[in-house]
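Following are the structures in question.
One chain, chain A, appears in both complexes that follow, with chain B as partner in the first and chain C in the second.
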Partner chain A sequence: MSLSDPAFLGFFAVVFVLFYLLPGGTSRLVLLLSASLGFYVKLVGGYTAVLLYVAAVAYVGGSALQRMAAGRSRGVTFIAALLAILAPLVVFKYLGFLADAAHIELPGSLADLALPVGLSFFTFAATGYLIDVNLGLLEAERNPLRLGLFVTFFPLVTAGPIERGGRLLPQFDLNPRMSADRAFDGLRLIFIGLVLKVLFADTLAVPSAEVFGDPESALPLDKLVAMIFFAFDLYADFAGYSLIAIGCAKMLGIDVQPNFRQPFLSQGIPEFWRTWHMSLSFWVRDYLFMPLRAKWRRSGHRGMIAATLISFTILGIWHGAGWQFVIYGFAFGVLAVSSLYTLKYRDAAYARLGVPQAVVRVIRAVITFFLFALVLVLFRVNYLGDAWLFYRDIFSLDLLRNIWDGVGYALFRLGDAPELPIVTGYWADWFLIGAIVVGDILARNGVTLAKCGRSMHAVAYNLGFAAVLYLWMSSSVAPPFLYYKF
Partner chain B sequence: MTATDETVGQAAASSQFREWRRLVGVLLLLFSPLLLAIALLEGIAWRVGETMPLAMVSSWQDGAPDRIWRGGDGHSFVAYKLARVADLKPAVLALGPGRANAFRGTDFAPYSFYNAGQTAWTFGQYRHFLELATNDGYAPRAVVFNLDYWMLAAGFDHYVAGRSDEKAETHIANLMRVVGQLGSDPLDLLRRLRAADRVHGLYALLTGEGFAADGSPNAKQASADPQRLADDGTAAGLPPAVFADRIADEQVAEFDGFVAFAKSKKIALIGVQLPFYAKILDGLNGSSDAGIWREFESADWQKQHLAAAGVIFFDFANMQEYRDKPEYFSDSLDPDQRVAANVARRITADPRVRAVLSDAK
Partner chain C sequence: MSGRVAKVFSEVLGVDAVRITDDTSPDNTPQWDSMAAMNLVVAIEDEFDVRLSTAEIVSMRTVAVVKKVLATKGVVDA
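Right after this comes the complex of A and B.
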């Protein structure tokens, strides 16, 4: 049951009504905790034990650290708790990869372990809590139910945003009164999230799946188009999912940090990662990059570069267990460092050429998008070799030939119609991409649905929800939520 | 609690109630166009009969003899026919693939009859249909079932696995079918709604074809064009031209299971192999690969397995009056209504059948 399923919305509606029928405090806490555990059990059954284990380690570890004075024992306790919290992540997600890399054969039971949904997300949330307690930034939570809810909170448990203890725990007094305005705000986010996920993402998933499923057969131009479609598919899918999660939390009076801020308008890779999957990139920044940067501050640029590369590589590995994810993260690190160190030269070049700022912004946004989409191929392919097929074709003269043939036929009917099933068969999907881009530009400039008049609301909600309903009803098998495997 | 506390409490509850009312009111108002559209769609789908529960369809069909139904995606009619059987509780039930379709209620008068054809192709599926039909205590006095030689060929069950599915279509699937039709030709569908007094189900409404109250299809069978029948699409290896060396033991076991179940419910089994025309008969008789045909047709096998099992078997495969008259067949598998009526007359005139149905209604 994903957050975009009708069954989840029915479940949430019941939780929402019960939440506000109950008096505040413990009764609501118990309701949300029960709902969260019930939700997760329905998803993964017995693997819920992993979630409970992580929550228990966070609670026990945090409590122990709170009681201990600074010193060697506290350090050892912290390391032990950290290893205990990260252990399930290593076992369920990375053990197979590590064993392959070391040419070790795992026993059958270990090799067949399924990955509990959301493991990477709730493990990082719990780890962040533990680190904050250890650094004295946060007092350990004394109430096990509150900490339990922090780790298991059902809108966030499967795919984030990865929240911080300091932000979320204080909100678990759970005393807010029912506010129609807050409910509308939450519903608006849920609505936008559903439209993004069900209408945009599930539609854009189809053409890219065709090409990524059989990259050998696809022509270079189809590969390029599939690459672009997939980038927008992933954005709509994940941003939509995050909005539904944030909207549900908001309706319960809990504010959750945003996860995306129009990333495809970014002016460079560093800015991109401050606007894409923000909860993860800020987590890596705060708990990995900043400590490394501080540790190596005397090493100047080398320290900065090393901290950046290591942080991005870890970020890449978080996404999956495989060499393509190592390269995925490392590549972004290289791009981020290059961007930082060449910025002033690029600025000077644009100034020398007299390129207007508005045009520079567009050029930078387009280049940033393409760099992201190129590296993203590593995230999507099943095998590293398939990524090579993509890159080989996208950077080949055959791509130019495809474009030439396509344009020539389309405009002047020159030659035979080129066989580009993705380009020709899914041309309408470009309107969806255009809508996403326009929507982001408007949002970046403060023009949001919230600020529109009533008639616009009515039109948007009715048409949008009609489209979502239609797609729900007509899809017998929904494409899987892309971040579910994390 | 003081009066002030009580007043504050009441005020808080009152303000909460106002917030709920505002939330629900605004949502209803905001989505009223969509809700109206959904209500309209549901209304049209109901009028078409596509979203009507099958038990209600059956009651509706009882209301007049000329009412026909055919809805769903055509994958399986088991749920519909089970609903009709539950409603009618006939004394005589016809069971089989499309070949059983030709039997009409009038052919079996004065006995109550229902044609549950086009729901089961194998002995296992026959048994399963009967299990479902009899689980409320009802049992037909007799089941007239297609017993064709190819049902005893190894692998036949695998060939038709999945055709017989008792799951009714979901409300959403049925609604989407109507939505799809409205999307492609709304005016045509809306014009046809007038006929929905007599016709239910989207397919029936669009084509005029469906199942009559007695379970037989109302479609006029295609008149057999000898030229068409010369190239009737019969393929070696598929019914009615199945080649195998012998009858498969596992299929006999399936048959025995079906017979045992029928016996446990005191249901008399009347097996029928309907006529084939010359092209098929000559092909089977003349082929060295049709051992299964010869074995099935042998008096020994029929005596050992069918008579011994208490199955009243009518082998009309080689009926001389139809053998050389392809105009009595719509295709190589399906003799038409006239043939079925003749076959039914012979069945009901048989003393063994009369004995079984002696006090049936």
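Right after this comes the complex of A and C.
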């Protein structure tokens, strides 16, 4: 049951009604905890034990740390709790990869373990809680039900946003009164999320899946277009999911941090990661990058570069077990460092050439997007070798030949039509990409649906709802969210 | 805000000292990014002749917390 399924929305509607029928406090807490566990059991069955284990370790570990004074035994307790909370992630997600790398054959029972949905997300949320308690930034939660809800909260458990204990736990008093404004705000986010997922992402996923599924037979121009389509597919998919999750939480009176802020308008890779999957990148910044930077603060540029490369590599590995994810993260680290250290030279070059600021902003956004899309190929390919096929073709002269042949045939019927099924068969998808870019530019400039007049609201909702309904009815199996596999 | 902490923040972040308050944090001060954060730490250590632990550095997310941490190290004129 994905968050974009009609079944989930029905489930959420029931929880929403019951939530406001109950008096505030414990009864609502029990309702949300039961709903969260029921939702997760429906998704993964017996693997729910892993979720309960992580929540239990966070509770017991946090409580123990709270009672202990600073010192060696507290340090040992923290490390033990940290290892215990990360153990399922290592076993379920990385054991196969580590065994392969070490040429060890795992017994069948271990090799066949499935990855519980959302494991990386709720493990990081619980780990962040434990670190905050250890640093004294947060008091350990005394009520096991509240901490249980923090780890298992159903709108966030499958794919985040990865929330912080300090932000979410104080909101679990759960005493909000029903507010039409708040409900409407939440509903609007759910609606926009559904449109992004069902209309945009699921449409853009089709052509990119064709090429990534068989990269050997696709021509370079089709590969380039599929690469661009996939970047927008992933954005619409994950931003759509995040909005549905945030909207559901909002309707229950709980504010969750945003996960995306117009990332494709970013002016460089460092800014990109402050606007893309923000809850993960801020987690990595606060719990990994900052401690490393603090440790190496007097090592000058070497400290900065090492902390950045290590943080981004681990961010990559968080996404999956495989060399492609190691390279994915490391490549972003290299790009982030390069971006930081070349900024003043690039600024000077634009100034010397007299390029207007508006044009510079467009150039920077386009370059940042293409750098991201190129690295993202590693995220999408089924095998590392497939990424090489993409890079080899996209940077070959054959790409220019494809463009030349395509333009010649389209305008003057010169030669034979090139075999470009993605370019010719999915040209309408560019309108979706255009709509995403225009929507982001408007949002960046403060024009959002929330600020439009009632008539615009009505038109947008009716059109969007009709499109979502049509796509729901015409698709027998809704594709799952791309981030569910983490 | 006046005082040595405000002076350090003002110099490192390039922000007028009067705009530095106890609530100043990375969330409301774009200049306080991850690069500047460590420059701040080094400048604070040098200015007050103290050594900060990693946990203290990571916890310093507002000017008020910085002053609190310095107070625990016996700095009285922050």
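A few remarks follow.
The definition used in the following text is that the second predicted complex is superposed on the first by the 486 of 486 C-alpha atoms of A that agree within 3 Å, B and C clash if a C-alpha of one lies under 4 Å from a C-alpha of the other, contacts with A are read in each partner's own complex, and residues count from 1 in each chain.
The definition used in the following text is that a contact is a pair of C-beta atoms (placed from the backbone, for glycine too) under 8 Å apart; a residue touches a chain by one contact, two chains touch by 3 or more.
Everything numeric here is computed off the predicted structure, so don't read it as measured data.
Once the two complexes are laid over each other on the shared chain, residue contacts for A:F97 go to neither chain B nor chain C. Once the two complexes are laid over each other on the shared chain, residue contacts for A:W404 go to neither chain B nor chain C.
Looking at the shared chain after the overlay, A:M304 reaches chain C, while chain B stays out of its contact range.
In the superposed model, A:Y20 lies in contact with chain B only, and not with chain C. In the superposed model, A:F289 makes contact with chain C only, not with chain B. In the superposition on chain A, A:R177 makes contact with chain B only, while chain C stays out of contact range. Listing the residues of chain A that touch chain C in their complex gives 134-137, 285-286, 289-291, 293-295, 297-298, 303-304, 340. Of all residues in chain A, those touching chain B in their complex are 20, 177-180, 183-184, 187, 457-458, 461-462, 465-466, 469-470, 473-474. Those residues of chain C whose C-beta lies close enough to touch chain A in the complex are 34-35, 37-38, 41-42, 52, 54-55, 57-59. Those residues of chain B that touch chain A in the complex are listed here as 12, 15-16, 19-20, 22-23, 26-27, 30-31, 33-34, 37-38, 172, 175-176, 179.
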